[in-house]
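Letters A, B, C, D, E, F, G, H, I and J mark the chains in the order given here, with residues in each chain numbered from 1 onward.
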Amino acid sequence: MIEVVDNQYPEKVYTVNIEFPEFTCVCPKTGLPDFATIKIEYVPGKKLVELKSLKLYFISYRNVGAFHEHVINKILDDFVAACQPRRASIVGEFGVRGGIRTTVSAAYPSK
Amino acid sequence: MIEVVDNQYPEKVYTVNIEFPEFTCVCPKTGLPDFATIKIEYVPGKKLVELKSLKLYFISYRNVGAFHEHVINKILDDFVAACQPRRASIVGEFGVRGGIRTTVSAAYPSK
Amino acid sequence: MIEVVDNQYPEKVYTVNIEFPEFTCVCPKTGLPDFATIKIEYVPGKKLVELKSLKLYFISYRNVGAFHEHVINKILDDFVAACQPRRASIVGEFGVRGGIRTTVSAAYPSK
Amino acid sequence: MIEVVDNQYPEKVYTVNIEFPEFTCVCPKTGLPDFATIKIEYVPGKKLVELKSLKLYFISYRNVGAFHEHVINKILDDFVAACQPRRASIVGEFGVRGGIRTTVSAAYPSK
Amino acid sequence: MIEVVDNQYPEKVYTVNIEFPEFTCVCPKTGLPDFATIKIEYVPGKKLVELKSLKLYFISYRNVGAFHEHVINKILDDFVAACQPRRASIVGEFGVRGGIRTTVSAAYPSK
Amino acid sequence: MIEVVDNQYPEKVYTVNIEFPEFTCVCPKTGLPDFATIKIEYVPGKKLVELKSLKLYFISYRNVGAFHEHVINKILDDFVAACQPRRASIVGEFGVRGGIRTTVSAAYPSK
Amino acid sequence: MIEVVDNQYPEKVYTVNIEFPEFTCVCPKTGLPDFATIKIEYVPGKKLVELKSLKLYFISYRNVGAFHEHVINKILDDFVAACQPRRASIVGEFGVRGGIRTTVSAAYPSK
Amino acid sequence: MIEVVDNQYPEKVYTVNIEFPEFTCVCPKTGLPDFATIKIEYVPGKKLVELKSLKLYFISYRNVGAFHEHVINKILDDFVAACQPRRASIVGEFGVRGGIRTTVSAAYPSK
Amino acid sequence: MIEVVDNQYPEKVYTVNIEFPEFTCVCPKTGLPDFATIKIEYVPGKKLVELKSLKLYFISYRNVGAFHEHVINKILDDFVAACQPRRASIVGEFGVRGGIRTTVSAAYPSK
Amino acid sequence: MIEVVDNQYPEKVYTVNIEFPEFTCVCPKTGLPDFATIKIEYVPGKKLVELKSLKLYFISYRNVGAFHEHVINKILDDFVAACQPRRASIVGEFGVRGGIRTTVSAAYPSK
């Protein structure tokens, strides 16, 4: 579902940061919506992620039930499978729930 | 008292940040309330901390007398015992008292 | 409970602002703690509010169940009764609950 | 759908501000999600809005297609019908679309 | 060029704010590009401005030479002609040139 | 003690703002130091306040015991006596004491 | 020295704000440099101020000795004489001297 | 096109940061303009980049179609070719498109 | 003069930060007051610093003449002598004097 | 021209930061003034820099023509010659010129 385009500078080790402040999914326990800002940083390999398809991929979570910790790991796995980067990391900053603000961070390869 | 759930990505080394700005306990000398923001960062092992139980754990300090330095070490010990993380750290940012602002930081394993 | 001292400039129309970021009471429905910053602005009459007693008055709500809208009106009534100001207003900025942030504002005399 | 509770200070003219940063609906032209922060300010009459039901009312727009200008007027109408305030106003701050940020503000009674 | 859609609440006096941080035109003296954030506030009449067409209208200035003071008045005239609002105002915040930052504000009807 | 110089534009109604963030005096009850930022705004008459003498005047409070509300009124009286302005106002923003932040504002002529 | 150009919208009552953060002159008592941000707001008449000439006018103060209060009134007089605006106001925010920050504001016509 | 001047301290290892917030090019897919802040940091060799020519180089992209990832690598290549620095890095912070903010970072020599 | 209490977690390597924004002493050359924010970070040994006594220690400098660089080293020496920490560092951020802002930082053991 | 005083703690490795936001010189090409904030950090040897003389040294550049990159290296050389620090670094943050903001950083000993 995440599409890619050719990286014209595949021999260069450079970094792309993507920030999506409009991520939303559903709490699997309460059915209430959760909101997050998703930040991805990756060093491209031979492919770049196509941003429009990435946006649609994020939107596909809109009615999906998912725990904070698991959805971030799932997105990272899908992202890495799609564009096979040299390195990638992801941060999900979720809105306050019950007075608690939660942020989940994961990286590929796993440190 | 702090409950846990299974980590679906136990083989991954990833990080969870939790911020609770509504911590309050009581000064053991004056009996007056103290307020703090508690920040916990941990790398999960086989378990994730369940946030609702963590909130109730924090609330249980509401009428407890405790020095700043000691309460932060106590919370870290309880947190580590509950979820056995690979690593964990805690910061407690206390409100101004007598013109002095105090922050206490501890880590597991102790550096 | 709120004590007063003499205003040495009773003939002057001047303003005193008081900000107390550490107000806490209890939600009457859930029993969970609520937190607020209380801001009072008043034009003194013959008396000034004594701040230490005001702090203890605020702390007396710590284990009291109260709706946001009602506790703010109650504090204003008590404040006016204690120091009989020319004018007074109060704002209570409560922490996020269920994704909603609530602020309640009242004034004496009621506009 | 928006529930109310009795205002214990109905004779007082005071103000309640409510801020909900997690509003989302769907663009009726593209089907893509829109996001907004909704701010309501009202002077209660005999009734106060019950916040939990207000949150569920906001969430009911999650999969509804609606233009920015119209959804804000619709929410104001529903809010006024539910709690019959002395005065009410609403602001909807929508996220950037096509490089343009839009904010819609309405008031009751219409000025 | 600026298109409109029907206002479903034409009898209501409400306000729409539009912010476009990516306006650019060309300095008529030096030929160098100028940049501005354009902010429009209007009270709709029977029509609402369609945002996509407004964006394209803004973009049409990309290679046009225009003084700061004049381009803002021109945009306001075109905007008013297109949607015939009850009221409208415009602010153009231009980037620093020669150490001077310039902002131009105009309103309809002219005060 | 506050010195003045001639105002070369006595027929003009213009405003001078002065901000002094380093005011300190002593609490008359505890003997502990208090700190404040003092802000004065005045419309000069025939005289302007000389800033160096004003600074020394502020410093003269360093070891003086004074309540917040009274010291601000005293400074305003001295300031008005020294330079006979058309109008003057003063704000004293005091540091947090016992979790409470106090600001005192007064004006000449008294509103 | 301040040059003007024709206002193409002389019948419109609109506002131009100019901010120049790099004003410097010399203290007439100590010979040390003073620094200020100058902000001018004016409603043009038949003429607009040409910005490059205004910048050179500001620079002409670089080695001139001038009190804060007087230089701001002088600039306003020169500005009004040059472009004969419907209204104009000026604010000069000077850097900290002896721990005191001074701002001077004047307007034409004098209120 | 990027011109250089002699570095008078070629034996010193020091750093120059350049920030250009007014970069604009065109999206090769939609033809719509893109905007970015470009930040360059370099350690000069025998030459310094002449800033006016660098500005004109940036402006030359105004009507050029280019993907975010590729234009940043292209600018870095041109910059390095022009001034042969000891080290250089570039960051391009692009405006929000489709709710996604993208930043691209590259360095010479490629890490 | 700086008192200590027992550290209940002496085997743990954890950190305490203390911030005191109300430090004041006197310039030994001019006799004018100086102001600073003092920040101390230390890793406790067997003792914790008692905050009330630390505040009184800070206040004891109120009428003492001291250069910025020397007073910070003196406070660090006294602090280390009192509580014998594993590590300690101190930062003193002094107010602007003559347009210059000075910060002094020292550490134990000296790096 | 930069004077020094004895460092009473010469055996300690500690750091002094100095920030001067009012630096100005002249562009050697256009003759127009340039403005910068100068930040110096140094680890003193046997001498401390006397701040008043440093201020006068900075002011001596007021009518000197100098390129950004060169003036920063020159100041560092003079500073090191005057006080012979263990280490020193300097940052000059210059105002926007032609839409470009430039910062120059150098260090002793050169890395």
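We take it that contacts are C-beta pairs under 8 Å (C-beta built on N, C-alpha and C of every residue); 3 or more make two chains touch, one makes a residue touch a chain.
Here is each chain with its UniProt name: A, B, C, D, E, F, G, H, I, J = NADPH-dependent 7-cyano-7-deazaguanine reductase.
Here the structure is a predicted model, which means the values were calculated and not measured.
Asker: Please find the path from chain D to chain G through touching chains that uses the fewest steps, and give that number.
Answerer: Minimum number of steps from chain D to chain G: 2.
Asker: Steps needed, at minimum, to get from chain D to chain J via touching chains?
Answerer: The least step count works out to 2.
Asker: Nearest whole angstrom, what separates the Cα centre of chain I from the Cα centre of chain J?
Answerer: Spacing between the chain centres: roughly 28 Å.
Asker: Between chain D and chain H, what is the separation of their C-alpha centroids in Å?
Answerer: Taking the mean C-alpha position of each chain, the two centres sit 45 Å apart.
Asker: In chain F, which residues are in touch with two or more of the other chains?
Answerer: Touching at least two other chains: 21-22, 95, 99.
Asker: Mind pulling up the chain C residues that touch chain D in the complex?
Answerer: Going through chain C, the ones touching chain D are 67-70, 72-73, 97-107, 110-111.
Asker: Show me the residue ranges of chain J that touch chain E in the complex, using the header's touch definition.
Answerer: Chain J residues touching chain E: 95-96, 99.
Asker: Using the touch definition from the top, list the residues of chain F that touch chain I in their complex.
Answerer: Its residues touching chain I are 21-22, 24, 32-33, 35, 59, 62-63, 95.
Asker: State the interface residues of chain A toward chain H in the complex, per the touch definition above.
Answerer: Of all residues in chain A, those touching chain H are 5, 7-9, 11-22, 44, 48, 51-52, 54-55.
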